[in-house]
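To start, I am sharing the structure in question, which I have written as structure tokens.
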Amino acid sequence: MLLDETATGVFTIAATPFLPDGTLDLDSLDRMVAFYEEKGATGLTILGMMGEAGKLSEKESRIVIDRVVTRASVPVIVGVSAPGLAALKALADAAMDREAAGVMVAPPGHLRTDDQITGYFQMVAETLGETPWVLQDFPLVTGVQMTAKVCRAIFDACPTCVMLKHEDWPGLDKITTLRRQEAAGARRVSILCGNGGQFLLEEMIRGADGAMTGFAYPEMMADVVRLMQAGDEARARDLFDAYLPLIRYESQPGLGLAIRKHILARRGAIAHATVRRPGPALTPETLAEVETLIARQEARLAALG
Amino acid sequence: MLLDETATGVFTIAATPFLPDGTLDLDSLDRMVAFYEEKGATGLTILGMMGEAGKLSEKESRIVIDRVVTRASVPVIVGVSAPGLAALKALADAAMDREAAGVMVAPPGHLRTDDQITGYFQMVAETLGETPWVLQDFPLVTGVQMTAKVCRAIFDACPTCVMLKHEDWPGLDKITTLRRQEAAGARRVSILCGNGGQFLLEEMIRGADGAMTGFAYPEMMADVVRLMQAGDEARARDLFDAYLPLIRYESQPGLGLAIRKHILARRGAIAHATVRRPGPALTPETLAEVETLIARQEARLAALG
Amino acid sequence: MLLDETATGVFTIAATPFLPDGTLDLDSLDRMVAFYEEKGATGLTILGMMGEAGKLSEKESRIVIDRVVTRASVPVIVGVSAPGLAALKALADAAMDREAAGVMVAPPGHLRTDDQITGYFQMVAETLGETPWVLQDFPLVTGVQMTAKVCRAIFDACPTCVMLKHEDWPGLDKITTLRRQEAAGARRVSILCGNGGQFLLEEMIRGADGAMTGFAYPEMMADVVRLMQAGDEARARDLFDAYLPLIRYESQPGLGLAIRKHILARRGAIAHATVRRPGPALTPETLAEVETLIARQEARLAALG
Amino acid sequence: MLLDETATGVFTIAATPFLPDGTLDLDSLDRMVAFYEEKGATGLTILGMMGEAGKLSEKESRIVIDRVVTRASVPVIVGVSAPGLAALKALADAAMDREAAGVMVAPPGHLRTDDQITGYFQMVAETLGETPWVLQDFPLVTGVQMTAKVCRAIFDACPTCVMLKHEDWPGLDKITTLRRQEAAGARRVSILCGNGGQFLLEEMIRGADGAMTGFAYPEMMADVVRLMQAGDEARARDLFDAYLPLIRYESQPGLGLAIRKHILARRGAIAHATVRRPGPALTPETLAEVETLIARQEARLAALG
């Protein structure tokens, strides 16, 4: 089951669970996969930034791929961004051999000009051969700014690029522009959105197909996407607003991952909130703030019915 | 009335209103000052990034200073960040001659090491003489990261630095650290927070004295600060949450300024939403999203009573 | 006498001389202008980065413009880069009112995509009206990377852009590409090169019209350009190589300006080597190294005859 | 034979040779190791930036380590910089198992504050255990600026850090400062310098122990270091100056690697000049310029005797 441009719903960005000593926690990995599916994920994305991919050795990356693909009943996308094409290719091959649905690639941070960016992704596409892949557009972290024109040049040059992970900020008008290009005849791609879900409502209005991010309550994203696709915007907004104070709190760069792992552990999805070094530790003040936000969130959800 | 470390409440970051042809709109400037004060501002900050300071000529900057200081009945802080100390000094002198309360300085983007940063601000303090000043800590835009240790080194070396404009992200633990240093004997500074108000609740819990940001509904900030200072956290949270969907939407970098000017014009605070070139234009989709957010916000506020 | 695309030779990037207390040294400014002309400058560029433009107040900038244009018998280009178009326009007007030959503009550091860059310079051209201007391409300092394609798009969109200050690194192939475009029918622009003269020989081979940089021995640049234009490459190389150890030493970023001012003072072109704060101080070790390099340079030049 | 603070001479930064199709060229690797030793290398550094380390898969990296360590009769340092500590550790273990002399680590590009930098390297040192390592200070490429104070803090905190690869620019005063700290009682470290050898003369005067860079004529570095250590500065300068035009030409970022491989192939050290994608191709103009520079260099060396 290979990824294609019809992908929709919620591809949760999966965390990578560790034991307190920093080694991989494979039992938690299994439990977490089940948790995400139970909460409505239509796909999983592993070894992304939130998955602490950069902190794993190549061997560990392969173990995670193997385990998740084996356990998941939904399509799995594997982040394979690497400083060079050889490492990218090696990881992509490992993923596709294990029957992943596709891979995801972010641009290396030194790319600046339009031609550098499109040139890079053409090499990526050649390197990947027939493997379907996701273009990750996350300028806040990569420092690489891709206009809608550049994204489209990549889609045109690379038929195997079937999805945009949209995480530009601001980026709503980019979705509108891409969908207009398609209305005018350009090839359709799936657009799933990141940014912690902060703009999910407006992203759906602009034409996104769903979410690809790691908010610790994936059911919010699944419900909002479903309601928006069903035309029930009012209900989608009520639900979204109920979660928003926590979405906002999780959106703190760097800290967000630690908060999400804390909440995933609190919800029983993983055994330990361990973040691999170097990574932030949550202060008692932060933990208290999270508790307050969760308590109020639960009250609002109860009131919504 | 000079700025000192007891400053509290809401120092609204003021927009700079323009006529449709891009020239200064001084009538709107007057009206906007009145609007901000009416909505609870305890101070004003002009010629900040949101005030499009970088797009004004030196002459225009002086006109804005003159006009606002003349009309305002609250203290006025003037942003004087400049590539060099001579221009910074010239603008600061113009501000203080007009009886501004103090000035605000952000670090130039090339500063990297701790010593470069503290060294720069020591030169700033020498240059400013007795003028009280605000340290602006906004790494998302300046690219300069100042730890709590570096901030404290600046406070220690520069007695005229009386306030931190806190806009680090994540930055809540920095407030806690600074307040702990003070509890252990360090000199107190006023801490007013930015980031569009997105973390105002938690910032107050951590020990901030209020807000310094440009959210288009300054009354939200005034009310939240007042309620938190009065100990009514539950009510403060209800109010904050009612505004949060719009706070979030305004937080889009670059676009946020145009959205704020649009809302200020919509509320009658200024005549035109004009942003000087180069600046973003709001698409019909964006305008529609803002309308929806305002309508829902008004409904929530009505429900709160 | 307005700047146009036939400009050739050496437009020396002029320093701004200061007295030991940091105030403008106008007598030295006069002497320095005479010195540059005597050493073969066919033009002068003032208020560039090496001119410490960012450290001057607007008033001081006007004084420098006035003085240099009055004293110089060669065309004067004025650097007018500014965070916003209003300040850029104000300074450009001041320059052209004083009969400068044209102005020079570098891109603000936040520009990334091709469209952002060309869009910015189209606004600059509109703002400047009929004033001829120089496109400054200096990615090491600005962080903005412009391909030959983007430069050409700017030349095509802006007939008033008559010169490229070429300072990309590596940038030799860019010159070749631009000259090929012109051989194929594109509009010719003057190309003067920077980078402290480190690649002047190869730049001339590739088709440059001369140099625009601040090496403290402008006669080297004048002679090399003259010899290359006269077809005497062997002699040009001998001369260039004789100066190269010092060219290299001056090329140290940040420090280079202080070294150049030291040598200019040593040569009697200015009275004091003062660099405005914040700026580097030269250590005794550095001064000794410069002396050795100059002594060996003089010996080599004597040997060359 | 483990690396320690007495290391001196020239640790050549080794290229990684590829066949025209981009696969590893192990025969050339052998020949290149012999070439470097023949030309006076007292050590080798492999898998650095010039070694295209980022473009190798983990498996290829291990093959290169194995081959070079087996063939070399001088100590071998292995670059192990990686986005995370697990990959760094895996590669370092592979290197030390094969009897490398030590490893080299550059800071990840997101580090900014002094505490972040020292904290990172303390984790590195803990991760590496007893393995001796080299601190790589190359801000032009990494974007991370380390003051002499920060370097010293790292040396103090990490006894296993025995060498600084010095590549700051400007960086001469940093060497002087570090050596003064040692004269005042701080622990000595070996300092080998990079930057393509452009400042080797002055670096030796300031107290460096030699060079660690990839200039295609390693004999220049070996001779200059030997002559400087023997006190024959005049002869060292004559030799250095004879090579300087080419040193300068090789110093072009990005392009330099391709030029070096071209010259290494021309000298018979490797079979093919292939650079792995993405990498620059040399134009005919560039190749012609290199030929001219080599011809003049040979003439100057012949004249020197």
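A, B, C and D are the chain letters, set down in written order, and residue numbers restart from 1 in every chain.
We take it that a contact is a pair of C-beta atoms (placed from the backbone, for glycine too) under 8 Å apart; a residue touches a chain by one contact, two chains touch by 3 or more.
Per UniProt, the chains are A, B, C, D = Dihydrodipicolinate synthase family protein.
Worth saying up front: this structure is predicted, and the values here are computed from it rather than measured.
Chains that touch both chain C and chain D: A, B.
Although chain A and chain B carry the same sequence, what matters here is overlap: shared residue numbers make up over half of all numbers found at their interface.
With every chain reduced to the mean of its CA atoms, the largest distance from chain A is reached by C. Chain D has its Cα centroid 47 Å from the Cα centroid of chain B. Separating the CA-averaged centres of chain A and chain B is a span of 33 Å.
The distance from the centre of chain B to the centre of chain C, each centre being the mean of the chain's C-alpha atoms, comes to 38 Å.
Residue positions of chain D touching 2 or more other chains: none.
Listed in rising order, the residues of chain C touching chain D in the complex are 169-170, 172-173, 176, 198-199, 202, 205-206, 237, 240-241, 244-245, 248-249, 252-255, 283, 285-286, 289, 296. The touching residues of chain C, when paired with chain B in their complex, are 52, 54-60, 83-87, 89-90, 109, 119-120, 123, 276-278.
Contact residues of chain B toward chain D in the complex are 112-116, 145-147, 149-150.
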